[in-house]
Structures are given as C-alpha cells and as structure tokens.
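Right, one structure below, let's go through it.
A, B and C are the chain letters, set down in written order, and residue numbers restart from 1 in every chain.
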Amino acid sequence: MKQALAAITVVAGLAGFGATAPALAAGETAMTHIVMQVSDGDPAKWQLALNNAQNVQEALGKDKVTIEIVAYGPGLGMLKSESKVAAGVNGALDNNVKVVACGTTMKKMHLTEADLIGGVSVVPGGVVEIMTRQSQGWSYVRP
Amino acid sequence: MKQALAAITVVAGLAGFGATAPALAAGETAMTHIVMQVSDGDPAKWQLALNNAQNVQEALGKDKVTIEIVAYGPGLGMLKSESKVAAGVNGALDNNVKVVACGTTMKKMHLTEADLIGGVSVVPGGVVEIMTRQSQGWSYVRP
Amino acid sequence: MKQALAAITVVAGLAGFGATAPALAAGETAMTHIVMQVSDGDPAKWQLALNNAQNVQEALGKDKVTIEIVAYGPGLGMLKSESKVAAGVNGALDNNVKVVACGTTMKKMHLTEADLIGGVSVVPGGVVEIMTRQSQGWSYVRP
C-alpha cells in the first residue's frame, strides 16, 4: 500500500508539469486504463479497434478496465452516423467504452456533434487527448 | 544507484495496481525493453518489424535489450508456418527476440500452436500483453 | 513543487538504467514533450503527422510543447528534398518542430544528409531514438 501511494504521488507530480493535464485519479495505470487511437480511414481498422476493446474488457473484467477510443483525422469517419461500424460503436458505448471525436478534425470536415453517433464525446484535439492520457499513466495502443 | 532503486520501487508500485500485471523485474525500462506491435496483414510491415528488432539489437547490444514482438489481428499471419517472413521470424527467435501470438486471434482464425512457426509463444490476448509490458515500463513501437 | 522535483528524480533514475539514454531535462513530461513516428511510405500519413504537430502547438502553445518527428523505414521519403510534403516539413522546422531521419534507413537507401530537406537532423537509429524519448517520459503517437 505504501508503494501504491508513492506511485500516485510521483505520477501526479509528473502530470503537474503539464498545464492542461488533469490530476491523476487513484488507480489509473497502464494496466487498468488504455487509450486506443484510430486515425486511419479504413473500416477494417475501425472494427479491429472495437474488437480490441471488447477483448480487453473480457480479459480484464468490464468494470476493472477503463477504455477510451480516440478517433481523429481520417479515423473520424468511424464515428459518423452513417459509419459502417455504427452498430459496433453503439455496442462499445453500451459497454462503457468512452468514444471521443477530435474537435479539430470535425471543424476541418465541417461536422457538428449532430453528425456523429449519439453518445460520442467531442474533445478539442485528438492528439492532445492522447498525450493527456499518456501523461496520466494510461497504456497506448494504435490498432 | 540510489536513484535506480527508487525507480524500481515506484514502478513496481504502479504495476501493483493492476490485477494481472506481473512484478517488475529489476532493470526493465523503456531503454532496455521494447514491445513491438504487429497488427497489419501486410508482409512489408512484418519485415519492417523484424528489421527494427535487428537494428535495435545492433545499436544497443543483443544482450542489453529485451525485445518482444506481439502479433495480433491481421498481423497474426506473420507467425503462421507458411508466412512470407518465416525465415526472418526464425532469425529473430535465434537472436533471442521473443515472438508472441495473440490467443484470442488464433481462436477466431481456428489456429493452434501447431499452425505457427516453432518457437513462437502464445499469450491469452495481444493487447493485454502490450498493456502489461507498458505497465512494466517498456517502450512501445508499432512499426 | 515538491512533487515536481520528486518526479524528476524518479524518472531520471529510470533513464539511468539505459546505457544510451541521456539525462532527463527538467519539465520533460508526456504533456509537454511528444515524439511522433512516421514509418509508412504514404504521403497522406506524412501530411497527417505535420497537421498533428501544428494542431498540438496551437492547442498547447508553441513555446510550451516540444515536438519531435522521427521518420524511418518507408517513412523516410517524407524527408527527402523532393518529398511531396517538403513545404510542410519546412514549415514545421520554422515552427521549431524537431525533424529527425533514421541513419540506419539512410544507409540502406544510400542517402546522405545532402539528399534530405535542409534543417533535418540525422540520428543513428529511428527506433532507438523513439525508445530514448519514451524513456525520458515523452508521449508517443504514431499518426
């Protein structure tokens, strides 16, 4: 327990350098928290990311792991209402996977939240979101 | 040396949060340990991962760096007996690169260990393996 | 401030394990420092990496974030004088993005620094450079 507390202190200290990094919540580690990047315009990659999320939840326990999928650039197509994997995205949202869209990409593509699958969150920037999660100690996987 | 011991303690503390993360071995850092992800079904990417492993061993010293290649999803084709890069995979194994296949992908593709290149290990899940390595402080590269 | 100092000490301790890892500079975190990998031979990916760098600078402040783009393997084409994104690379360099080429790839492709866009730096190995940055606590993104 003493080691765990030490870890929280230290990583919180690291995150403290970044102006925009929120404070580390207790228990956020690379084993319990993972951010997945989707930046390819390829529906097979979108499906792979969804499969990865599901498999990680099945392996570690749905309530023991926090998963966030960040889509940006050509990957944003994954989250549009008419996406080929819309059913899979809805399934991920139902399973408490957080799914976020890059606001910078949306602006460039002239999209608003109404163009996205319901339940998808918007962050100002996809890469900054990924940096924030890594600064909090999350694992990073790009399927 | 005092700093090094402090680092072990702290990262071991972090890993301790995750239910499935094994204890950190002394000396496991992002400079001495690297996990490489192969999840594309593209033989050129498979060859690039093998080249990367060889170059890292040549640069840092074969006995000074631990390399693990994790293949999953469409990347699993890299490790099948009839793989186009089978000779390269065997060369990597001969050079003490650990090469692991995702068991979840194998089940989906109806493959058993007998279908893989000899010497390849099987882990329950490829992404969980990558999370585990990152939680242990390893570098992550997706060639 | 006490926490920040603790973080520096600990991460410096980690980096100390690696024979080749330079000492951590104060304030290098996953929120203020990011290494971006370019290893695909696809000009759209090159442009995406350049866009990512620009968006991160705009979001976090150009003088508050350190960005390094590492090109290796088929990604090295991005940095050749005749690159389709040469103008964008020059723009990134003008904005203090560090852009580095993998020396191992250059040797294989029989290229010298004279074949690259002016201002691009050469490192011995691209993957080792990425490992070094991760060991220093930088974020990693592969666009």
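Keep this in mind: a contact is a pair of C-beta atoms (placed from the backbone, for glycine too) under 8 Å apart; a residue touches a chain by one contact, two chains touch by 3 or more.
The structure displayed is predicted, hence computed values, not measured ones.
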Type of chain A:chain B copy interface by residue overlap (half), same or different: different
Rotation angle superposing chain A onto its copy chain C by C-alpha atoms, nearest 5 degrees: 120
Geometric centre distance via CA averages, chain B-chain A, whole Å: 23
Numbers and ranges of chain B residues touching at least 2 other chains: 10-11, 140, 142
Complex contacts: residues of chain B adjacent to chain C: 3-7, 10-11, 27, 29-32, 34, 44, 48, 51-52, 55-56, 59-61, 64, 137, 139-143
Touch list for chain C against partner chain B, complex: 9-21, 37, 39, 73-74, 104, 124-125, 127-128, 130-132, 134-135, 140, 142
